[in-house]
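Chain naming follows the written order as A, B, C and D, and within any one chain the residues start at number 1.
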Amino acid sequence: MSQSKGLPSSLDVILHEIPGVRMTPKEGRRIRVDSTPDSLPALLELLKGRMGFMHLSAISCVDWPETDEFELVYHVWSHERKSLVSAHVSIARDPGRFVSVYDIHTPAGFYERDIHEMFGVVFVGSPNLRKFILTSWDGPPPMLKSFDTLQYVNDTYAWVDYRPEWLRDIQGKGGGIVS
Amino acid sequence: MRPENYNPVQHPPSHEYELYFGPNHPGIEGNYAIRVRLNGDLIQEAITDGGYLHRGFEKLMEQRLWIQNIALVPRICVPDPVPMEEAYARAVEALGGLEVPERAQWIRAMMLEMSRICAHLFTFGGNAATIGLYTNMFWGITMRDLFLDIFEEITGARIYHMYITPGGVRRDLPAGALDRLETVIEELERRTPEFEDLFFDSAVVIKRARGVGVISLENALAWGVTGPNLRASGMPSDVRRDDPYLVYPDIEFDVPTEIEGDALARLRVRQAEVTQSVRILRQVIERLRMIEGPVRCPLPNPLAWNIPAGEAYTRVESSKGEVGFFAVSDGGPKPYRVHVRGPSQMHAVQVLERVLKGSRLEDIAQIMFSLDACPPEVDR
Amino acid sequence: MGEGTPMGFWELVADLVLMPLVAFVVGLALVLMARRVRARIERRVGPPVMQPVYDIVKLYSKRTQISHGWMHDVAIMLLLGGFITAEIFLPVPGMNGLAQHGDLLTLIYIMMVPMLGMALGVGDCANPNGSIGISRALTAMLAYDVPYIIAVIGACMVYGTSNLVEIVEIQQAGGPATWGIATMPLLAVAGLISMHGMLGKEPFEIYIAPAEIATGPMVEMSGKYMGALFVMQCFQLYTVGVLYTTLFLGGGEMWLTFLPKVFAVILVFVAITNVFGRLRTDDVIAWMWKWPTGIALLGLLLVMIDV
Amino acid sequence: MNEQVPAVADDAPEACRTPDAEERSLWRRVMDQVADHCRSRSLFVLHYCTGCGAVELPPTITSRFDMERVGVSPMVTPRQADLLLITGYLSVKTLKRVILSYEQMQSPKYVLGFGSCTINGGMYWNSYATVKRLDQYIPVDGFIAGCMPRPEAVQQVFLDLMARIDAGQANAWRDYYLDYNRYLGHQAALFGEDWHTPTDVVAEARHYGHFGPGTTGVHTARLETYTEWAMSKIPELLPERGANEKVRP
């Protein structure tokens, strides 16, 4: 615990070297860092090289249609300092392109492939953006907020009509399944 | 019909051939496929092919209430569902600012360790079956069934418990459950020498596992290997200890490590982990006998439960490695986004491809089972 | 030709029909025993008594059938035919069949035919798992044949004949002290190990290996072909059990003493199989050429000094 | 001259239906009963974990519940198996493999759907990736409700299936031949118009006398034209095959 207490100040020193980076310590060994798209690779590089944040736990992508942005969150963990930095970066939805961090963190290869598949974001320099999960899929990237699952399901699949006796009785009395 | 990802343009040299390993193959854990290019017995290249178990969990969770997702979450990882529930519940607690009562925390730790033992017994069985030692599979899975009985008694379900809810657990332990758990633990300890004779100390098993699928510590760290697989390479890293949650700081346990990083080391680490889990369970049982109190903090109306906007990333140590849940709320009744990071997303894809390269055809199944790759959490 | 009584024509015909039939029935019982013992080791009940029959009838009564070409069909005939022929050359109590006319070497030669047939047939399936399985099966044959041949040659030297009927007679006349297991224990051990390899069970199960090559040669076998393989399994267990009994356990004068020996031999194989994993292909060769071969050579040396 | 058109197409063989039980000879009936009994007592299950229900199969097979007592044992390849267990939800990608596996199995073959997901989507009713109704794509002999079904439920469905096989009633596999056009239509609606499998089901239906009015139709016609086109395109590249196993590129 003591290490994570002293962490924000030492992290501050490093973050000063990178323009456009803001840090917010949070509870429980978590630190949120907001970065600009340009400085993110440098941030990860510095975190890995100087602070030992060498385990890329995950890359999460969030779709924000209101602001027309994708938010990418890089969760990096330090085995030495026992704390987790979540680096947030927002990129424009329209080209949907970002630089790959595969050369810094090898695990990024899978996460970038996954985000490319689910959100359509292109990572320049990622080693393998071939389809992995959705090889039989030719619709839009399914995780986009604009993709309506229920609509797609109703168009594509058929249902068994489930109207058992007991339900019809209840419905006859004015009840039924509340939706 | 060819599989979609078949690329007919490449013509490999005549001495090489391609083999489809899975999805319908007993050497594959779950529903997964590996396309291997072989030169004789040696694997030149392995390309994994997932998505057979894809259900679109992350999309589904965006369309259900926070409370409804409790039912969805354990289904992400079939053999080891409890860590998923725990990670999701903690993410919701962090977002909603809920405080878990002490008794509930101990009960959760108990569920997690029982699930770990079950998953390891399952893996031992699968690992033994890949080398034809079915007896161990039969014994191990029967042993696991005794734990499933305890699960059923406590939660009402054998596999998908849906027991850990945000703010605690669903209901208190039934009377006598702890005693019965103790009997099962004793039974496990009584049977342990048999398993050692049959499986862990068997010359054939050691011969098959030693030096197979070696991951050096450097590679393990660089490739994002976590959990028992990382510990088998010599790194004493455990989320329970490094990023503690629940009551784990109050529990005494060791983090077993090995240095070889091969399939045998991974087996041995898991074997030692079962012992440690038993040790944890005994402490938990002792504490649970003393602690009384509520098992869930009061929740608002779950059908109209708006969680404050924000985001949380929680990590849990599962039997396969590090589970991460990233939950984003926009203040509504449903999650805005939930990202699941299963440990096998690394182990079953990139790590497996790299480890397989240069290995032999005989060892594919052995490597996959020793990495304990779990396809459902890759595909989600 | 031995000094046995000259056989009548009808007696021979009866033998030729009865011997494979008896082999099949005893083989079914052996398969059942193997499965029941395996179930016991795994702490469960196991299949019902008629299970081997159910399986075979079920497979033969499949309504549709996939053939992969005429070689595939011929291969199955080679496979079964090889074993049926082998049964005719194996003397059992009361029936000698053609054992007087052929000797041990003929039998060894005939017992290679099924494997060859399998190789030809599986090659026609164009399934890579099958091809790998067959190459592994032939490799395994290379591994277990070395100690096997040495053990057999040693046995022939001890008995001074390669005629199976005479071998049985010598052991029957001398009592248990002249049984192969007493006169040449090392060769008996080597023979046991190599015959275990011949059965293709763990730890030498390299060519079935479900988790590696999806049962190898059997991968494309469906319906009646699979049924033929199940029948073959009966013959295989019977042949190996009877051969070992004949060479090292005194053969049999009457079925009551003969069958328990055959079952005991198979029981040893089954008990070993279920507590071991499967070795790799190269490990099997290395091990087979090291331990059983060494034991067999030592045994041969002792036998030669004795002789 | 009579204006009536013959009900049977010219190319259909004589025996296009299975004879009723009464029409068969005594010997044939006894043999069929023996065969059905043996079929019911020996079920080889295809080792294919299509979904999460597969996690309850090891307990069902292993020592505690021991399904070998009633003759159920796992088999490795579809060629050897009789029983295909659809253990839970099916993603579209898996469904393709399931259909390929199903067509490779030899009749009589049986399909059991595990869990609510195979009946109507179950828990994943609004998932874009999973198939909702299994019986649209392959004929199903029985379903087990629940998520997930307990080993006891699995055992019960095995016993029920065995009783039905013994009585000669588990004939869903025949529907696939008799109604192939409909099944293919559903498959093609999901997988795209160029969907085809290596097994020539129509030829098999003709050969084994299960050719019915529903075997061919709009959808299989598309298959025929595709086959002819493909066969004319590359006849020399394909090795000679057995009569009932045409390989399409």
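FYI, contacts are C-beta pairs under 8 Å (C-beta built on N, C-alpha and C of every residue); 3 or more make two chains touch, one makes a residue touch a chain.
Since the model is a prediction, treat every value here as computed from it, not as a measurement.
Pairs A-B and B-C differ in how many C-beta pairs touch across them, and the larger number is found at A-B. In this assembly, the C-alpha centroid of chain A lies 21 Å from the C-alpha centroid of chain B. Between chain A and chain C, the centres computed from C-alpha atoms are 60 Å apart.
Centre-to-centre separation of chain B and chain C, using mean CA positions: 44 Å.
Look at where the CA atoms of chain A average out and do the same for chain D: the two points lie 41 Å apart.
Multi-chain contact residues of chain D, defined as those touching 2 or more other chains: 47, 62-63, 76-77, 93, 96, 126-129. Looking at chain B, one finds that residues 25-26, 51, 54, 56, 59-60, 63, 138-139, 142, 379 touch two or more other chains.
Of all residues in chain A, those that touch two or more other chains are 134-136, 142, 147, 149-150. Pairs of chains that satisfy the touch definition comprise A-B, A-D, B-C, B-D, C-D. Considering their complex, residues 34-35, 37-39, 41-42, 47, 62-63, 66, 68-71, 73, 76-77, 79-80, 82, 104-108, 204, 208, 239-242, 244-245 of chain D touch chain C. Interface residues of chain D, counted against chain A in their complex, comprise 92-93, 96, 119-121, 125-129, 131-133, 136, 190-191. Within the complex formed with chain C, the residues of chain B that make contact are 17, 19, 25-27, 41, 128-135, 138-139, 142, 198, 202, 204-205, 207-208, 360-362, 364-365.
Chain contact summary for the complex, chain C toward chain D: residues 35, 39, 42-48, 50-51, 53-55, 57-58, 61-69, 126, 210, 214-215, 218-223, 226. Put simply, chain A touches chain B in their complex at residues 27-30, 54-58, 60-63, 73, 75, 77, 79, 82, 84, 86, 105-107, 109-111, 114, 118, 130-136, 142-143, 147, 149-150.
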